[in-house]
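Chain naming follows the written order as A, B, C, D, E, F, G, H, I and J, and within any one chain the residues start at number 1.
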Amino acid sequence: MLFKVEMIVNIPESMDPDRRAEILATEKAYSQELQRSGKWRHIWRVAGQYANVSIFDVESNEELHTLLTGLPLYPYMEISVEALCRHPSSIREDDR
Amino acid sequence: MLFKVEMIVNIPESMDPDRRAEILATEKAYSQELQRSGKWRHIWRVAGQYANVSIFDVESNEELHTLLTGLPLYPYMEISVEALCRHPSSIREDDR
Amino acid sequence: MLFKVEMIVNIPESMDPDRRAEILATEKAYSQELQRSGKWRHIWRVAGQYANVSIFDVESNEELHTLLTGLPLYPYMEISVEALCRHPSSIREDDR
Amino acid sequence: MLFKVEMIVNIPESMDPDRRAEILATEKAYSQELQRSGKWRHIWRVAGQYANVSIFDVESNEELHTLLTGLPLYPYMEISVEALCRHPSSIREDDR
Amino acid sequence: MLFKVEMIVNIPESMDPDRRAEILATEKAYSQELQRSGKWRHIWRVAGQYANVSIFDVESNEELHTLLTGLPLYPYMEISVEALCRHPSSIREDDR
Amino acid sequence: MLFKVEMIVNIPESMDPDRRAEILATEKAYSQELQRSGKWRHIWRVAGQYANVSIFDVESNEELHTLLTGLPLYPYMEISVEALCRHPSSIREDDR
Amino acid sequence: MLFKVEMIVNIPESMDPDRRAEILATEKAYSQELQRSGKWRHIWRVAGQYANVSIFDVESNEELHTLLTGLPLYPYMEISVEALCRHPSSIREDDR
Amino acid sequence: MLFKVEMIVNIPESMDPDRRAEILATEKAYSQELQRSGKWRHIWRVAGQYANVSIFDVESNEELHTLLTGLPLYPYMEISVEALCRHPSSIREDDR
Amino acid sequence: MLFKVEMIVNIPESMDPDRRAEILATEKAYSQELQRSGKWRHIWRVAGQYANVSIFDVESNEELHTLLTGLPLYPYMEISVEALCRHPSSIREDDR
Amino acid sequence: MLFKVEMIVNIPESMDPDRRAEILATEKAYSQELQRSGKWRHIWRVAGQYANVSIFDVESNEELHTLLTGLPLYPYMEISVEALCRHPSSIREDDR
């Protein structure tokens, strides 16, 4: 089940640089593990913004909530979620 | 070069049903041809809406403009465009 | 899987009264059948508005889309959808 | 008398972790007591957000105000209220 | 139980003048009857607008909905509703 | 001359509790004195909000400005003002 | 007593050209008479818009309402009103 | 050349009272000097707000920018600018 | 003197095709004449929209208003105007 | 490939003046180097605002992202991006 998730990141300037580096490394590892598992299907950077557009493929709303609130950067993100379905004109097997 | 394109469709209720059926068939064929060519990378339906979220992969802004304004349903669409880039955390070869 | 769905109804004043009565009767029957099946879990009227707040319990985003676009009044509705989950503080078995 | 209440929670990052744990525990107890009394009829988590959608069943606007401003997290919440009524198509006895 | 209700009126220019005069007369009579009954506690014109700010005093959300949807001009109104309570600083007996 | 004034209060959490109690007491006395003088005609609490809806009856825009900026809580308020007139359908002598 | 009034004009394209010319002439005469009387203190065109920014100097909100709703173009205008006062830094006698 | 300029002032509560008094005095002197020079044609207080509506008469956009950014309170202001022209219905010589 | 002007075009679908072709040809000629004169400094198409972003270089707000309201498509345009100045970091002679 | 980029700058008042001067100097040098290279085609100041309107000419969305996130003031900017194309009515060779 697919969801478009848009994330805008606002890390406070006052965060300690080491803490910042650490949280960003953890975030990257977390994201890549979810990508490898197929749960986080796509992620793109929005040009000019500290923001991304992502597609998640999950079993349920609950699973989506768990994955998103588990993001290391979650406390610093503004998140919006939109439920998607397969489009009747789609020819790609995996756009479902 | 990737763009997220969101399209909301508003076909006037007064449109002749045959004209409507025809324009929808043409739209589907147009979309699928662009999908096969790789220009229209993804298309998903937004749940509960007559709207889609799409990813285009084009050579330039001009090409994007030409493809979108060529949509048979273009006169009945509200379109928003956002330029995307490869995300540094992405592990998918083709999310670029 | 739960979704909050808000529907605002705008039936054009020019609609033939018989057609209007018919479509409203069909809408009511459609809604009640879905309520009996458990798919449409709750429906409330918004005070002072021709609008409702509803809770749907469906298998997937696709099923939600099919149910909503099947509404007889769908062409005259403005619809917004929000994915819900069980709340960790909830004590009701069926608020999941 | 029913009201839809949406609550968005913003706890300041600077809050002491013990104080935070304590206020969250108090909030949960407060919410569950109101749920048991039947005043707080439903509560759902919004997927991906630190927010809930709730239905309250109260005697009056005053009672609603008292219950909401009594929330331990009230100083950290953005709250919106919408008055609801029984929907003429509803088949559930308790959606009134 | 008090509610602030704001009504913006948009009568289509194409309405037959006799029909318009009739509906306005009916609206005025309806409003004044509700004012005499104490249900419609206050009504003021917004300066420069075809709009009013009103205070209703009703038994329930349902009664408010019935009164508002019974307005002869209801089909031509944009209505917003806000639940009010007695203010702890109020010294007027009837501002409850 | 009537004005609807809506006030949303945001007292910083960091305010000293004694200072807070003092300013709230002063605010209440100020409000009640203006109510007794007939300048502050009505005040209602918005359900679920730290906000009020008020009706002022003043000689001029200047007087309204002086009364509002004299509110002890003024530095912590978001205020909106709307000029009102007697409504032609009103039957209350004092809704002018 | 001063008010800033902003007016956006939307005359329907379908209006008969003679009717249009007549209503515009009446509007101009009406505006100039009010300017001569001192009630309509200033009027400026917004660059690039069919809109104006005006300053009215009236006895009361009621008078403002009467003047604005008497505008020949009133049915085709979107109007916003803001109450003004003399500014403590003003050095112009008539900016009151 | 005329511009409507709206300024909303937000001085941080933490500003030292002496610094505040000094900056306000400087602002007043600056404003009055520009009023005397004819550059700042009008200034009115918005009722109930720490805000003003002003009319500037300048040689160019550059001059407007220089005057506005030179305001002692500029760092604490939210400013909006709208280009104005003489209105064809205006009868005042100096509303140009 | 420079202005950014954004124009969104909405030609009604009901316009006669010959009238449409004629008005578009006139618009193009009008735009190109102003470009040649140096008044309309730049014009770009917004990707995916029937809209443009333009830079005008005019003597005054009045001249801008005259040029814009003279656009053959003006009745079908939504226009927004923003006054610009030379940027202190600019190295281009003609970005003034 | 052209993009309109709008940047609003918000430097925190608490920034050390030397740091501020340094960052502004670096920003200016960075901007001018990109202007000389032809990547940053135009930059204008918005009258009355600490903001600019710019036109970038880049190879790709990625290049735009790299240039923008490399701005010394990037952490203090609110940025919006719009993809542009050559306009069919343009007569300037370099407005492509």
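Just so we're on the same page, a residue touches a chain if its C-beta (ideal position, glycine included) is under 8 Å from a C-beta of that chain, and two chains touch if they have at least 3 such contacts.
None of these values were measured; they are calculated from a predicted model.
**Student:** Hopping along touching chains only, can you work out the least number of steps from chain D to chain F?
**Tutor:** The least step count works out to 1.
**Student:** In this assembly, which chains make contact with chain D and also with chain I?
**Tutor:** none
**Student:** Applying the document's contact definition, name the chain pair with more C-beta pairs in contact, H-J or E-F.
**Tutor:** E-F
**Student:** If over half the contact pairs have to be identical by residue number, which pair among A-B, D-E or D-F is the repeat of F-G?
**Tutor:** Most of the contact pairs in F-G are shared with D-E.
**Student:** Based only on mean CA positions, could you tell me how far chain E sits from chain I in angstrom?
**Tutor:** 45
**Student:** In whole angstrom, how far does the Cα centroid of chain E sit from the Cα centroid of chain H?
**Tutor:** Between these chains, centre-to-centre, one finds 40 Å.
**Student:** If you average the CA atoms of chain C and of chain D, how far apart do the two points sit, in angstrom?
**Tutor:** That gives a centre separation of 22 Å.
**Student:** Just curious, how far off is chain F from chain B if you go by their C-alpha centres, in Å?
**Tutor:** Spacing between the chain centres: roughly 51 Å.
**Student:** Give the residues of chain B touching no fewer than two other chains, as numbers and ranges.
**Tutor:** 2-3, 45, 47-48, 61-62, 64-65, 81-86
**Student:** According to the definition already given, which pairs of chains are in contact?
**Tutor:** A-B, A-C, A-D, A-J, B-C, B-I, B-J, C-D, C-E, D-E, D-F, E-F, E-G, F-G, F-H, G-H, G-I, H-I, H-J, I-J
**Student:** If we count contacts the way the header does, which residues on chain H are in touch with chain I in the complex?
**Tutor:** Per the stated touch rule, the residues are 1-3, 60-62, 64-65, 81, 83-86.
**Student:** Please output the residues of chain B touching chain I within their complex, sorted ascending.
**Tutor:** Chain B reaches chain I through residues 3, 5, 12, 61-62, 64-65, 68-69, 75, 79-81.
**Student:** In their complex, what parts of chain D are in touch with chain C?
**Tutor:** For this pair, the touching residues of chain D are 2, 4, 27-28, 31-32, 35-36, 42-48, 52-53, 55, 82-92, 95.
**Student:** If you look only at chain E, which of its residues touch chain G in the complex?
**Tutor:** Residues 13, 45, 47-50.
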